[in-house]
Amino acid sequence: MLYRISCTEMDALFAALSETKTVYLPADREDGQASFVKWTEGTALSNRLNTVRSAKDFFFPQIQPLARFRREGQKIEITDLREESEDFVIFGARACDVRSFEILDRVFLADPVDTSYQTRREHAAIVTMACARPEETCFCTAFDIDPAKPADGDVRAYIADGYCYLEPLTEKGETLLAGAGECLEESDGAAVEAEAGRIRAILEKLPLASLKPADNREKELDVFNSPKWEEMASHCLGCGACTFVCPTCQCFDINDFDSGHGIERYRCWDSCMYHDFTLMASGTPRLTQKERFRQRFMHKLVYYPIRYDGVFSCVGCGRCLRKCPINMNIVKVMKELTGVRPAGAGEEA
Amino acid sequence: MSVMEKTAAARQAEWKPKIIAFCCNWCSYGGADLAGTNRLSYPANVKIIRVPCSCRVNPMFILRAFQKGADGVIVCGCHPGDCHYSTGNYHARRRMTMLFSMLSFLGVESARTRVEWVSAAEGARFKAVMDSFVEDITRLGPNERLEDLRCKEN
Amino acid sequence: MQKIGVFVCWCGTNIASTVDVKAVAEAAKSVPGVVFSTDYQYMCSEAGQNLIKDSVLTYGLTHVVVCSCSPRMHEATFRKAVASIGMNPYMLEVANIREQCSWVHKDKEVGTEKAIALMKAAVAKAMLNTPLTAGSTPVTKRALVIGGGIAGMQTALDIADAGFQVDIVETKPTIGGKMAQLDKTFPTLDCSSCIVTPKMVEVGQHPNITIYAYSEVTEVKGFVGQFTVTIKRKARYVDESKCTGCGACIEKCPMKKVPDEWNMNLNNRKAIYIPFAQAVPKIATIDPAYCLKLNTGKCGVCSKVCGTNAINYEAKDEYLEVGYGAIVAATGYEMIDVSKYDEYAYSNSPDVVTALEYERLMSAAGPTGGHLVRPSDGKEPKTIVFIQCVGSRETEDSCHGGKPYCSKVCCMYTAKHAILTKDHYPDTDIYVFYIDVRTPGKLFDEFYRRAVEQYNVHYIKGAVGKVTPNAETGKLDVQAADLLLMEQLQIEADMVVLAAALEPHRSARPLATMLTAPMDTNDFFTEAHAKLRPVESATAGIYLSGFCQGPKDIPETVSQAGAAAAKVIGLLSKNELVGNPCVAHSDEWMCNGCSQCENVCPYGAITYEEKEFRMPDRTTKIRRVASVNPAVCQGCGACTVTCPSGAMDLRGFTNQEIMAEVDALCL
Amino acid sequence: MASVYQVTKEEIEAISGVNPLKCMRCGRCTATCPSFDNMEYHPHQFVAMVERGEIEKLVRSASVFKCMSCMACLERCPRQVQPAKLIEAVRLAVIRKQEANHLRPDDLPALVDEDLPQQAIVSAYRKFTK
Amino acid sequence: MQRELINRARELLADGTVDRVLGWQAGQFAYDITPAVFTDAGELEAHFVYNEFCADNLSKYLIKESEKEGKVLAFLKPCDTYSFNQLVTEHRIRREHVYVIGVESYGKADVEKLRARGISGITGVETVSGMLKVHTMYGDESVPLNEVMLDRCLTCKSKKHVVYDELIGEDGDVVADSGRFDMVEKLERMTAKERFSFWQGELSRCIRCNACRNVCPACTCENCVFDNPGSGLQNRAARDNFEEKLFHIIRAYHVAGRCTDCGECSRVCPEHIPLHLLNRKFIKDFNELYGPFQAGEVSGQMSPMCAYTETADPEASVVRKGGAE
């Protein structure tokens, strides 16, 4: 089934959805970028390709309080601060971001299940928006994501001919659209097919269209020992910009804060680019930036695929290409690592 | 929402300013002692922290005080020219001026922070300074622009 | 694991009347870390101290918090008490619940609540206290006195008499300083050289004193107890060990036209010279600026006449490096250059003289043999005008920009000059133009009144506006104002004497830089405390003697010289210096060597070194890191704040300790 | 009696930029003043009078116009009090308060002392015609 | 310009003056420039680039590079030379290990500004007489360079190289009327409440990625207080509004008097927070309260944060005269 609604009437759709659920959607900001905001009357859907921060925030927020410890005399009172999520809608996430949820799921929903992640995942309905205007930094196709006809999410959406077309992909999606009430009208698929075709034509012309990640699962050590890391990492500043805008980075740290009234335990994103990442009593296992840099890309391109049947922990959204202060990014790494030869071979070249 | 408002209102009602005073060991702490010796009363919400010199006061102590619930922070040292370490208060003066200016730039009320010079002989001045500072802070109300809500809960 | 004991003092009713001490002790029991708490009437009494000591032993306390009066009162008492049973004294904290609580609050509930907060803050700090031990450094038992005037000589003698070695460095060829140039001293009119020359001899002969005359300090390294000083011994071209001071060379020296600075350039001396007959050491010196042999290569007369072969034209400056435990600055003063006061015609007429020149004109050892005559024509002056405050008490922004301070001795020496002149030449007319006559001092005002009443010196409240040499009469036309009579006066004077301002010797400023000793804008050394430590510099191990610290007369200088000596003796009598353990220290792993701390340290206690570090990745790396000399650091903490990485911290007042107090007090 | 000029001490200080409190009564200004004999009040008295607020006496005194503005007092003053500026300020204040009624050249002979140096007369003209 | 730089670098490598060259390396697109060290002519010819997107301030890399044996050639733009001097002042760069070539720069383009204009799918950029000709997948666009320059370049304080061993291109002058304090002044004129909400809005976007800190040539601590568990400030992410402010206040405070106003912090902020305003506020205060001071202008000068005057310094209450609450 395919529905549509005039782009001028989107507010009605959001209003209808908001009756039962909180609706989040990308909205333009003054600085020319977009971020997810909670819909309120008048909030317009952004046309920008992507938000600054990825949509992973909805399930894996940067900061999440876990527990509170209070001391009363000799007793310690513990309060669980994790909250049950309410139903919400992510409207207009891109195919790359939506694919990233799958990558996070493998980690957070595996045993032991991260219940707080789980409850958020369960309460979310996702509307995936096809990419009308892919950009030069896009390389999701390298990971078999189709932004012309998004396969992930509960609803697939297009904006074309002044209409927003909505196609439920799951039961949850159907229920969601059913809840939208009368503002939707049924439509045939002609416009959508045309739009998908138009997008595919663009995708073929993307500068990174031919990029393909090398399957280096068999060459783990060779890649690890590649001399190229040294050079690639040599100017890395060790900031966490790439990891924090990345939809698939999933590392976190757990900290305690002493408020004076008690201890609040929270978890927050961590970055493998930081020198004190996985700091232990014996010090850090990765002493130089080269090792930290390598860790990040080994994880995304080798370790994760080894563990999860060849799936890469990257969705090609291009955020790190835009945000790295020195423009060193996963694409450059992927290019360097294609055709890594076993150590010892081809030294003379 | 209404619960939050209520707590805020309740907080406001029973609010008493919390004031942290950093006093240098050689002059202002002595001045505070003299105020005591002379039984010059000032509000009890002023709590004094002894530091060797006003130049020991790190901006992060001040920010920490605000985070942990202080409504006003005052730094007291020897009068210019009288520093036990000869130049400490000159350094303190610049550092605090710059810090306070930055806080004000970020929109924090500038009356929440102060530097005063109080000698060990100025018990009366110590009292007067504290009285006036407490009055200023009371007028401003609770520190909300530099608060950490986690530390405010009870 | 900390085991803290809290001891709440009643201080009789001083605390107990406004603070519920039992409640404070009770509240302490629920504070984490506290294993014992109690209260007592007088914690500072012997019984109270014993209570603390016994409890420490009984409960195995690691830290003690005493809630009592101000730490300025009894912190030392309690620290001593716990130290007596082997606890590190810095494990004790005092919560000030008297001066800062019970005495300033009336309501008992309020007082108790605050006392509990203060107790908690003290406990929070105590939790983090670590044992501190003061470091010690050995003391080099030798003192350096810079300046060989009366200040330096007296300091040196007093130190030497106490049995310590002292070196005097004097830039001039002889010690004696300005006092040796004076004729008489006020208000007793003793002969100045009669009292100073025996001192010079005493210094010269003292077995513990070494005089480095005609020498300068060029570099100072080290710190209190451990200074290393480079002394430049300027070439005299005369072998000190051979010269007997016979004076034959001086007699034969053909270069006669050298201005004699000893006589304020009022006459000439030879190119080889001994400043004056009683000079110590009495050794001839060749003036390299005028010596014909040194400048033209022709002459060599002195060498020929010298019986001991002491002349050496090839001599070079020599540098000595000597270790000292203490350094005394006694650099003295000089008169300002008065030529910029063109209204007084100092540059236009030889009969306008400064007070020091007048002193030489009066002196029996001076250029005129003590016969007061006008430098211009050698006639005895009949009318003399003394002008006070020339260059003193002037603001910086005034046209001449003189000294803002009062030079202190001018009023008195002018009275002396007037009296001596009248004594010798009773028919002289003397006018003294003053702004104020300042005579605080024993027998000072009496002396001044004697000048007025007994000698009929005309003291006029007013000023001289202009001195004009009159070519016709050969006199000086002085235009002045008498403010009391509201008249303008015209005086035909034979001489005009300027009481020029005295300023610290020009060598003081560079010396202060070498010593890292603070100075004020007038180039006076700053004392460590204006009232309580007037003879010490803020820089440890540097002492101040005489005019270099501020204007003073001879007896004041001598007293201060003795006081400085006493301080030096106190220092040198120690075998080692035990420092204050509350000093800054730098975490070398965090330091990045930026030098900001070095810039703010008032004591020069921070130095940088290039050190080799073994890095976590097993490489070695040379890093520039700060290092604090605990013997020099006084513990102000200026460096800790300027350090962006927090590598610098202050023992006893660490960042964590202070923040723990903040946290506790903000609750 | 209320002053016809209504000049205050503060005005004089503001016009001249002089702080009379800086004066230490040394008298160098008076000692150096070439117009001393022609003046009722002398430079250091000017300073003292302004300090005490006795402006009335000053503005009524002919001394104000006897100053030659030679600036010697300024040059000699050890504390940068600048008596000449003070005198100039009083003069200015007088002229300003007289508004249109400035002294005319015709009025001058009556005021000018025979012994007054030419310089004083010239400088007086300059001041009157401001 | 790029040709000249490559040629000169090749010469200096060839005659042994330098062993390495620190410069900019071309990326996949016109704008994704990466700092890089080149060791031979081949690398230079293949990868070295100097264009309107070479914004990176290379001086910070010289800390590491100058520790190594041999001499490194560094290309520094006018603003970079200030940072270089400052780092030499702080003994972080071994001057004798660096050969500085000052390169002319009249402002660098900001690709984020092109994107903000809706120009996307950028495949190539050319500069033709002050115009940026942008080739995109969706057609070509032409934009005046000075409309899409980095903010820091629009308010450039100086086009003068304050240190160099040689210069390629022209040396400019200190810009007297840069207007760089205009925005600070605008904020100063607001009420405290308005300023508060302005900064609340800006700083709440902070993701604490530390890009601003790590790119900053003044932030060269071995271990930042925010990473140090012993400092009492250690903090990974802002859990509370307070912590957002704390980080940025302390960051700005720690570089006050040392910050040369190179603008890298704002350039790299993924959230476009105008962090340089905090630094400029300090610079403006220094200038106004303690006399004109430009960090890095001369090597060896003392930061006004470390200096003082006994009588001329205003009391801290001067802050209160600064406008409405």
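Think of it as A, B, C, D and E in the order they're written, each chain with its own count starting at 1.
Assume contacts are C-beta pairs under 8 Å (C-beta built on N, C-alpha and C of every residue); 3 or more make two chains touch, one makes a residue touch a chain.
Keep in mind that what you see is a predicted model, and the values were worked out from it rather than measured.
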| item | value |
| --- | --- |
| Chains in simultaneous contact with chain A and chain B | C, E |
| Contact distance in steps, from chain C to chain E | 1 |
| Distance-maximising chain from chain B - centres being C-alpha averages | D |
| Chain pair, B-C or C-D, that carries the greater number of C-beta contacts | B-C |
| Chain whose average C-alpha position is farthest from chain E's own | D |
| Cα-centroid distance, chain B relative to chain E, in whole angstrom | 36 |
| CA centroid of chain D to CA centroid of chain E, Å | 60 |
| Centre distance in Å when chain A and chain E are each reduced to the mean of their C-alpha atoms | 30 |
| Interchain centroid distance [CA atoms averaged], chain A/chain D, Å | 84 |
| For chain E, residues that touch 2 or more chains besides their own | 225, 231-233, 239, 305-307 |
| Residues of chain C touching at least two other chains | 600, 642, 655, 659, 663, 666-667 |
| Multi-chain contact sites of chain B, meaning residues that touch two or more partners | 59-60, 64, 68-69, 87, 91, 95, 148, 150-151 |
| Which pairs of chains touch, using the document's own definition | A-B, A-C, A-E, B-C, B-E, C-D, C-E |
| Residue ranges of chain E touching chain B (in the complex, touch as defined) | 184, 187-188, 192-200, 225, 231-233, 239-243, 245-246, 249-250, 252-253, 256, 278, 281-282, 285-286, 289-290, 304-311, 313-320, 322, 325 |
| Residue ranges of chain A in contact with chain E within the complex | 31-33, 35, 49, 52-53, 62-63, 65, 133-136, 202, 205-208, 234-235, 237-241, 243-245, 253, 255, 257, 264, 266, 268-271, 274-276, 321-323, 325-329, 331-332 |
| Sites on chain B touched by chain E in the complex | 59-60, 63-64, 66-67, 80-81, 87, 90-91, 93-111, 113-115, 145-150 |
| Contact footprint of chain C on chain E as seen in their complex | 67, 89-92, 220-225, 228, 230-233, 254-255, 302-303, 305-307 |
| Sites on chain C touched by chain B in the complex | 70-73, 96, 98-101, 103-107, 110-111, 113-114, 117-118, 121, 518, 526, 528-529, 538, 582, 600, 602, 634-638, 640-642, 650, 653, 655, 658-659, 661-663, 665-667 |
